[in-house]
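Across the two complexes that follow, chain A remains constant while its partner is chain B and subsequently chain C.
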Partner chain A sequence: MAYSDKLVDHFENPRNMGVLDKDSDEVGTGLVGAPACGDVMKLQLQINDQGIIEDAKFKTFGCGSAIASSSLVTEMVKGKTVEYAENLENGAIAEELSLPPVKIHCSVLAEDAIKAALADYRRKQAARNAPTA
Partner chain B sequence: MLAVTQCWQCREPVQGPVCAGCGAIQPPPAHPELFTILGLSPSYTIDRKAVDKAWRGASRKVHPDRFAGASAVQRRMALQWTAHLNRARKVIRDDTQRAWYLATGSERPGERDKNQPDPAFLEQVFELNMLRAEDPAAAIERARGLQSTEQERLSALFQSQAQGGTLDGAPAILGRLNYLRTVIDGGHE
Partner chain C sequence: MAVELPIYLDNHATTPLDPKVLEAMLPYMTSVFGNASSRNHSFGWAAGEGVNAAREQVAKLIGASSKEIIWTSGATESNNLAIIGGARFNARKKGKHVITVLTEHKATLDSAHQLEKEGFEVTFLEVDDQGLVTAQQVADAIREDTVIVSVMFANNEIGVIQPISEIGAVCREKGVIFHVDAVQATGKIPINVAELNVDLLSISAHKMYGPKGIGALYVRRGRPRIRIEPLIFGGGHERGLRSGTLAVHQIVGFGRAAELALEDLESGEIERVRGMRDRMWTALQENLDEVFLNGHPEHRLPNNLNVSFAYVEGEAMMMAIKDIAVSSGSACTSASLEPSYVLRALGVDVELAHTSIRFGLGRFTTDEEIDYAIAEVIESVKKLRDMSPLWEMVQDGIDIKSIQWEAH
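Then we have the complex of A and B:
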């Protein structure tokens, strides 16, 4: 299978690999799996009070396309708003990396990881803002 | 049992790939039941020798050589039947594919399958993948332990199905086995 230069680049030099403090109120963590292949991806977003994504990190155990998708997606959301990340779809990732049809689920994994991280962040914010008795 | 249809050539009722009356090969169904086309009943427990024997017998009847002198359409049908039979044998002989097939009608999870395993399990798989980078032997051993537990659960489920239970829990178990296999194999393409 011939992979695009962009995919190979993100696979060979992944951006934003690593971890953020999962216990911080500013950090949302998403851990998701791909049922089709058994790969797993952890993605974390650090979000400030203005709803801007200040940092993004990932750790993926999966195929090259999954690693490239997570690397690309962290680059895409950094410096953007929560709304932007919320509306990100896997199609944009798949297109950017020219993923073949059997690798679509790898980009779905990245989309799901972003959504899971945002959900976790919201949960934390809601808990923080909840009136304490 | 294969459904009874009408022979496209002589209009007699026919059951199976070849008309007993005129010898014409019949168009294969688009999505044949894999056990049925081999003349077997769907079951998780199999006897590989019996599967091979059933496959040989069924394949002989539709072997393309037998239709070498027939029309192009019939020759194509012979090839289609042969492909279905080969796939049936392959899926049924493979424990994982057979289980997926029996539980979901497809031998593997769909490319768009979105079902997420229980978060604690996913966390465990993530940790095992982390461990694998440092101590592969330990990670593989732990994954194998979890794998055999899930396999026992799966067998128990298929056994209870034989007594009237459902296979509702099977996809979740098969999904977990998929993640564990990835840990054990250390990823894939």
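Then we have the complex of A and C:
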């Protein structure tokens, strides 16, 4: 596939590839996709008490577009608010990387991964703040 | 170690034109430009001579008579002509049942599907987990109304070689026409259509260092005489089976390529390529965990490797080894977003199908190129596994198959 230079750059020099402590209360972990589909993204967000995403890490099993989409999305949300991340749409990713039409679904998966990580974080916060019976 | 990049290891997709083939073709693109059907002047006669010589060369490669070679635009056309033309002609006498195999090339499968639209019934035989079909399966599937059986000699994705001789014997005994798509096998394994009991055989020039756009169909003329309907009409060229002015320069190139292929079979070239392929597979196994060969290890073309690198997706792998040209069975590399149907037919797990890479070595592949490729592949697999959440889970002792993945 003839990809854009930006996409190739994210593939060859991925940003924020790695892991955060999944047991920490400040870390939300999202795991989306399926091996049978050839696309699996793990996205982790470290969020402070002010609702700012201090750090983000990804790992992806998938094609060049999937890897680039997840790398880009960590770059986009780092330092931003939870609200910003919640409202992030896949179109922004697809446009920035000039994804070909057949690869748009990779950006959708990256958006899903962010939402899954945020949902996990919220679950942990709710459990932490749950009033003792 | 002066390796010229990029390195071409996709010789199942196509092959470079051998310089000797180009040399043979050039006069027929410049001074010898006549129409081979112009029987009344020297321009036509010269062109005709070039064609006749090429017919002999191609026939010799497969143990046929030159009168049994029909020129086509390529193996896709040859397969269409053999299967559709063969079935249509013989339907009235014999019946409307056709047998082929699930792992055939699309040119065969889609021809079979076209026959289904014309009221034929097609049996698609299954293969075992090594990609092989047996002569017994074919024998069991043959009915009173079976008109043609089509089985490819060697598979284009996994390189697996079918038991053509045994299947030919079965078809001969039962009086059923036997067509073989020999595109990937020609020039790599010896072929003799008489010994193999083959009635129709498809070959392609651009898979054997010849030009694209020219192929041939072998049509048996004796014991038994095979008759097929043409698909293209207009002038009755090639015994009425394939009308159209002959592409003389292409044909001459094809003939020279066939001659060189026969030399390869006799010179030890095949062993050279096999040695490089085996060396590569050994090195990959020694340096990486969880790599799997797709298809039978021995009944296999000497230049083919089809490997699944678990937990690393195929398209990403190809991007990572960007100096090396290969192909993949991953869904991400196909226009339809479906993983390889050949690997699926073997029962390869869908996950592993997405991680498959096909290497096709060739006449111009060098040891230095293989050394380079081995190093690149190993490094890239390791790099992509570091990036893979699945590899991470496996390292942590998690059973991936136990996870409930969301349908996407």
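Going forward, the second predicted complex is superposed on the first by the 128 of 133 C-alpha atoms of A that agree within 3 Å, B and C clash if a C-alpha of one lies under 4 Å from a C-alpha of the other, contacts with A are read in each partner's own complex, and residues count from 1 in each chain.
Basically, contacts are C-beta pairs under 8 Å (C-beta built on N, C-alpha and C of every residue); 3 or more make two chains touch, one makes a residue touch a chain.
Fair warning: this is a prediction, and the values are worked out from it, not measured in the lab.
J.: Output check: A:Pro14 vs chain B and chain C. Expected answer is one of first, second, both, neither. What do you get?
T.: In the superposition, A:Pro14 touches chain C alone.
J.: After superposing on the shared chain, does chain C or chain B touch more chain A residues?
T.: Between chain B and chain C, the winner on chain A residue contacts is C.
J.: Touching A:Ala92 in the superposition: chain B (first), chain C (second), both, neither?
T.: Touch partners of A:Ala92: none, neither chain B nor chain C.
J.: Between chain B (first) and chain C (second), which does A:Leu109 come into contact with in this model arrangement: first, second, both, or neither?
T.: Only chain C; A:Leu109 stays clear of chain B.
J.: Figure out whether A:Ile52 sits in contact with chain B (first) or chain C (second), or with both, or with neither.
T.: Touch status of A:Ile52: no partner.
J.: Scan A:Ala119 for contacts with chain B and chain C and give back first, second, both or neither.
T.: So A:Ala119 meets neither chain B nor chain C here.
J.: With both complexes overlaid on chain A, does A:Ile67 touch chain B (first), chain C (second), both or neither?
T.: So A:Ile67 only meets chain C here.
J.: Which residues form the common part of the chain A surface touched by chain B and by chain C?
T.: Residues 31-33, 35-40, 42, 59, 61-64, 102, which sit in both footprints.
J.: Residues of chain A touching chain B in their complex?
T.: 31-33, 35-40, 42, 59, 61-64, 101-102, 104-105, 108, 112
J.: Within their complex, state which residues of chain A touch chain C.
T.: Against chain C, chain A makes touches at 1, 3, 8, 11, 14, 17, 19, 31-42, 59-67, 102, 109.
J.: In the complex of these two chains, what residues of chain B are touching chain A?
T.: Checking each residue of chain B against chain A gives 108-117, 119, 122-123, 125-126, 129-130, 175, 178-183, 187-189.
J.: Would you tell me which residues of chain C are touching chain A in their complex?
T.: My answer: residues 311-316, 319, 330-333, 335, 337, 339, 350-351, 354, 386-392, 400, 405-408.
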